[in-house]
Amino acid sequence: MATLLFYILAAIVLMAVLLCLTRNNPVHAVLYLVHALFGLALLYFLLGAPMLAAWQVILYAGAIMVLFLFVIMLIDPDLFEKKASRGRFRWLPVGFLSGALLACGGVLIMMDPLAAGGIVRYRLSPRAFGRALFDEYGLAVEILSLILLFAAVGAFHLGRRHKGKEDAS
Amino acid sequence: MNGLLQIPALSVLLLLPLVGALGCLAWDRRAAIFTILLEVGIALTLPSEGGAVSSWIRYEDWQWIERFGARFSLGLDGFSLLMVWLTLVLMAVAIGISWFRYQQAGFYSLLLISCSGVLGVFLAQDLLLFYLCWEIMLLPLVLCIALWGGTKRIQAAFKLLLFTLAGSLLMLLAFLILFLLHGRQTGDYSFALQAVMSTAVPPDLAGWLFACLGLAFLVKVPVVPLHGWLPDAYEEAPTAVTLLLSGVLAKAGVFGLVRLALPLFPATWPDYTSLMAVLGLVSIVYGGWMAYVQTDLKRLVAYASVAHLGFIVLGLAAGNAMAMQGSLLQLFNHGITTAALFVLVAFVERRTGSRKLGDLGGLWARAPHLGGLILFFSLAALGLPGLNIFTGEILILLGAFASRPWWAVVGMVGVLLAACYMLRLVQEVVWGEPRCSETIADLHRGEVALLAPMAGLVLWFGLYPLPFLHLVHNPVENMLVHLVMKGGLP
Amino acid sequence: MMGELLFLIPMLPLCGALIIMFAGGRMSRKLLAAVASFSVIASALTILWLWPLAAPQTRVSLFDWFEAGALRVPVEILFSPLSAAMALMVTGVSALIHLYAASYLHNDPDVRRFFALFNLFVFAMLIIVLADNLLLLFLGWEGVGFCSYALIGYWYRNPGFAAAGRKAFLVTRAADVLFVIALLWLFRLTGSLSIATINQQATSLPAGTLTIVALLLLAGACGKSAQLPFSSWLPDAMAGPTPVSALIHAATMVTAGVYLLCRLFPLISLSPTALAVIGLVGTATAFYGASCALVQRDIKRLLAYSTISQVGYMFLAVGAGTVTGAMFHLITHAFFKALLFMVAGAVIHLAAGEQDLFRLGQLQKRAPLLFWLLLAGALALAGMPLTAGFFSKDAILVACFALNSPWWTGLGVVGLITAFLTALYALRLVYLLAADRDVTIGHGPLPRGMIWPLLPLGLLALVGGQLNLPEPWGGGTVLQRWLQTPSGRGGTHAIEWGLAIVTLLLFVAAWLGARYRFRTLPMPPGGGVAAFFTDGWKIDALVRNAVSKPYEATGRLLDGFPERWYTAVLPDWLGRLCQSAGRYFRTFTSGYVTHYLSGMAWGTFLLLAILLIGLLR
Amino acid sequence: MIVPLGHVLLFAGLLFVAGLAAVLLRRNLIMILIGVEIMLNAVGLVLVGASAYWRHPSGQLFALLLMAVAAAEISIALALVVYLKRSRGTIDVNRFDGMKG
């Protein structure tokens, strides 16, 4: 049952991602992305990380995606990419590269004896999650919080309107 | 053991100039004089006789960078003692000659830092310490050239820096490879010279490593194909720096060859002796030839210095006790004589405002003491018996002839060339109708005081070099024994 | 220990030099001269005082100069009959010339330098004479070279004079290079530099090596003694003050080469080839010098060429195997040549610096005593029978003919021809100086100090032959018995007398010729041939064009070229290479983020691929 | 067993490459950022899968840290987008070549 669920979810996520990435309209792309992130959250849950799944929904699908939408709304003009300007086969090298990467990575993964091992049901309760987090990575959490603070300050700074500079540029 | 001997004299000797350098900056440039006097005092109180067992007169060993197996170990034997004396004498002269010319404390501070580096090179018994000191020795002088040099000072400083840096990086590479090799073989990762010396280096690798070290040291000397930095650097540098470059840093190059390259790769040495001898001979002949056609006094002396250093390299290549003792002694002799010539050139320039041979002449009529000293040191430089250069040269030639006659025969040509260029200098500067103004002054007391001890040393080493030959006797013997044991000599 | 006192001999002049050098600043002119002369006279007296130590010989060592490896060089002097005789000659003649110089330079401003160098010279010369070690000898050898250099250029304001000194130093130095090679070789062969040891071990050395070493030594001797091919410096050396010419370039230093060969004679004599070459060099130089002396206009250059020629005789003597003959001629030559130089100096002094023979004259009338002294010296030089020069020259020729081989007979014949030429130019000198013409020689009173030192020399020039009067003349061969050195094969009485008669005839012929040619006012020599001889067979020009000029020209051409090539051209080229490479690689940084990112991606792919390939292996 | 670890990894790889392709191909800055988000999530998935595989919480914890870092990154990035839009008038990456050498 869980196995089947995994593959179904994986297919959904992949599909959503591909659709997301091929949209010309960013708003559409973000909406597809939300789908993909939800799917991922479910996958997390499936792999025994309920807490993380919750965070994924709240943080990613919720906060970050909203942020994206805000920004897109904020800069509405020329949201749509012009048609590919540099020839029709512009995607060829990237396609080759992606394929090659995937092939290499895939073979490597498949050759690894670890990869054959299965994931059995496992569940890390939020309590255990929290305990593990603050027991072992308390300092990391503190540092991360600082990073977030800096990011917030930085974002604020960047977003400010500089009167003089703007006119100059 | 009296109380004086229990202070770590070598470490003090090494670190005192750094304190002095700080003192110069913080207080006054007079700190340089006090420092150097104190240093000379310490150096003179060092005993010159070692224990019966080893040739070390003193050995000091402190913990330093434990992680890398690097220790702050300093060793003093007869040879290094000679070099320490030379360094301090020339450092004193360098400070003395700059005193009224450069007022900035920074200049003296840099000189003192360099002094510390040089002493470190002569005393270090640890490869990492040696390398560190090797760089400390050079960089302040490069700065001095770049800041206080002549018109083309920046190019000259860069040339010097690039040439010697290329060499010293090769040296560092060789040291690191040795370090790793020794660590793998014994499990004891150490930079200590004594330890590393016992490493069994595969012959091929040893050849390469020897070449690296040899290149690093010979660039510093320099022998002829590697001397490209020399004429410009010597010409553009302030006199103090020029005389340190020729009098001390060049010696550090030979010292490195004798102290590191040979003992570390004794079995490789025979493959390189011919090359070394050829380099020495080329230096002798080429240096002598070029010195003859220079029109700038400083460049003339610079090329003469190259020619004389060629003899020293030749003596090392000859590889017998006589030639080696001659070479080691010649390091001191050459240091004194060349430095004195540079000082005299500076005095001439100070008075006449020119270093061009065509502008000078008839100095004797105006300044007999100056002219007389130029004559005296020129005679020393051309190898007049009874003066110091002859002492080294004849020992080197005797030794070289004993091992390879042709080397000595070509070397003798150099002796003739020396007479050609030195007498040309004397002819154009000292003799002839005076071309300089009537008013120039003869040497004043301070200047005589600077040169008189050097003249005294020239005579001492020329007439009674025996104590100093004894000083280098044990180190040479030990090294030869080491070479013979390791297959470096038949 | 009396022996230690032997060191006083060289040390006294050295002390004199040092005193003058360091304390001479406040001394009066007279005091300077007194100190200088006294130190040399004291040295001469010391030699006489310690004379008994010379027989058989005394060896004293003061301290070790060098000690390294197998080398030990003690500062050791050997007081043997040979060295004692030479030292006495050197100090004796020096003392007289010092006294002469005191008057000669009485108004020169720089006399302190002169006396310091003069005393230093005597010291160095005595070191050569007394040293028992080749290295110590070399110390003196170069020491006299330096003093000669400095004294030739004594009047340094004239660049030509200073250049003459430099030339002297460099030419002798070139020869010294060969000498030092011989020295190095001897050390390699015998493991010692002691002359005694070398002479002892010489017999065990291979013949070929021995010949080469002997020839190298000969080259060194040739340099100092101005023999062919190193002769050209001596005529130029006449730029120095005349006492210098008299002492250094006539009586003592130029004979150092002969003395060296005498000291090393046991070694040299083992190689007949070397002896033959020495004889050849000596004869050739003797002839060369005489031929050049014949046409000189400058009185001092004439005497210089004469010196070259006479020293050639001494070499011939060594070659013929008569060390005694060489020493005999060396000593008598010192007497009469020093005399001639000092007379020349006095003449120049009277003529206010004029040295051209064709502008001098009437010496007989203006300074009769000087003229008679000149005559004594000239006759001894010309080899007039019964003068010193006659006996010493005859001894050499006798030794040549006594060897009874075509080679030596041939050299002897050339020697005889040279003797004729010698007589010719010596008498030419006399006739020209006595010529009756408008002259510049003044009546001016000659300082007494310039006359009386000449008297003993004049006497010795005439009767110095008594020193080694050969047996047929009823003489006691005093010198031979004292020196105990090889004197070659003794000549038969027939040879002795025959030679004496031939010499006499040659002398008379020369006299008649000179009387005929030079008595009436002759014209100065002119024309190309004369110029060829006047310029010493143009050896100078040859050396200048073949050696000095190419050396300097190629040097100038080469100057800094290699350095420039690889400190400027090569780095420049490298730099340009780097620049153009950089310009190319710069295009890779398009500025587009996606390009960089794809670069990263490609890199990742490469890493993965490498990993994969590694695993697949 | 739910799935073999290899499948999780492969799937994550697919996501990652898809994100990478978008980053490389798209010119709209927003789309590129979306691509980056997808790549980050792919990594998160690997972490979670590994955590389940070894039955150890660390993987999940790191995924959380990753999320936080991603949040920080994206907030700055989006601020930059706004800034660029304002100052340059476009968010087409092909118009930004200020780093051209």
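When the chains are written out, they are named A, B, C and D in that same order, and each has its own residue count from 1.
The working rule: a residue touches a chain if its C-beta (ideal position, glycine included) is under 8 Å from a C-beta of that chain, and two chains touch if they have at least 3 such contacts.
Just so it is clear, the structure is predicted and the values come from calculations on it, not from any experiment.
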item: Selected interface, A-D versus A-C, where C-beta contact pairs are more numerous; value: A-D
item: Distance from the mean Cα position of subunit C to that of subunit A, given in whole angstrom; value: 101
item: Centre distance in Å when subunit A and subunit D are each reduced to the mean of their C-alpha atoms; value: 5
item: Separation of mean Cα positions, subunit C and subunit B [Å, integer]; value: 37
item: Whole-Å gap between the CA centroids of subunit C and subunit D; value: 96
item: Touching two or more other chains - residue numbers and ranges from subunit B; value: none
item: Per-residue overlap in subunit D, given as positions that touch at least 2 other chains; value: 20, 24-25, 27, 94
item: Touching two or more other chains - residue numbers and ranges from subunit A; value: 94, 97, 101, 105
item: Interchain pairs in contact, sorted by label; value: A-C, A-D, B-C, C-D
item: Partner subunit A, residues of subunit C touching it in the complex; value: 598, 601-602, 604-605, 608-609, 611-612, 615
item: In the complex with subunit C, residue positions of subunit B that touch it; value: 159, 225, 227-229, 231-232, 289-290, 292-294, 320-323, 325-326, 361-362, 364-365, 375, 379, 384-386, 391, 394-395, 397-399, 401-402, 405, 408-409, 412-413, 415-416, 419-420, 423-424, 426-427, 430-434, 463-466, 469-470, 473
item: Residue ranges of subunit D touching subunit C (in the complex, touch as defined); value: 20, 23-25, 27, 32, 93-94, 96-101
item: Interfacial residue positions of subunit C with respect to subunit D in the complex; value: 586-594, 597-598, 601
item: Subunit D partner contacts - residues on subunit A that touch it in the complex; value: 2-3, 6-7, 10, 13-14, 17-18, 20-21, 26, 29-30, 33, 36-37, 40, 43-44, 46-49, 51-52, 55-56, 59-60, 63-64, 67-68, 71-72, 74-75, 78-79, 81, 85, 90-91, 94-95, 97-98, 101-102, 105-106, 109-110, 112, 114-122, 124, 128-129, 132-133, 136-137, 140-141, 144, 147-148, 150-152, 154-159, 161, 165-166, 169
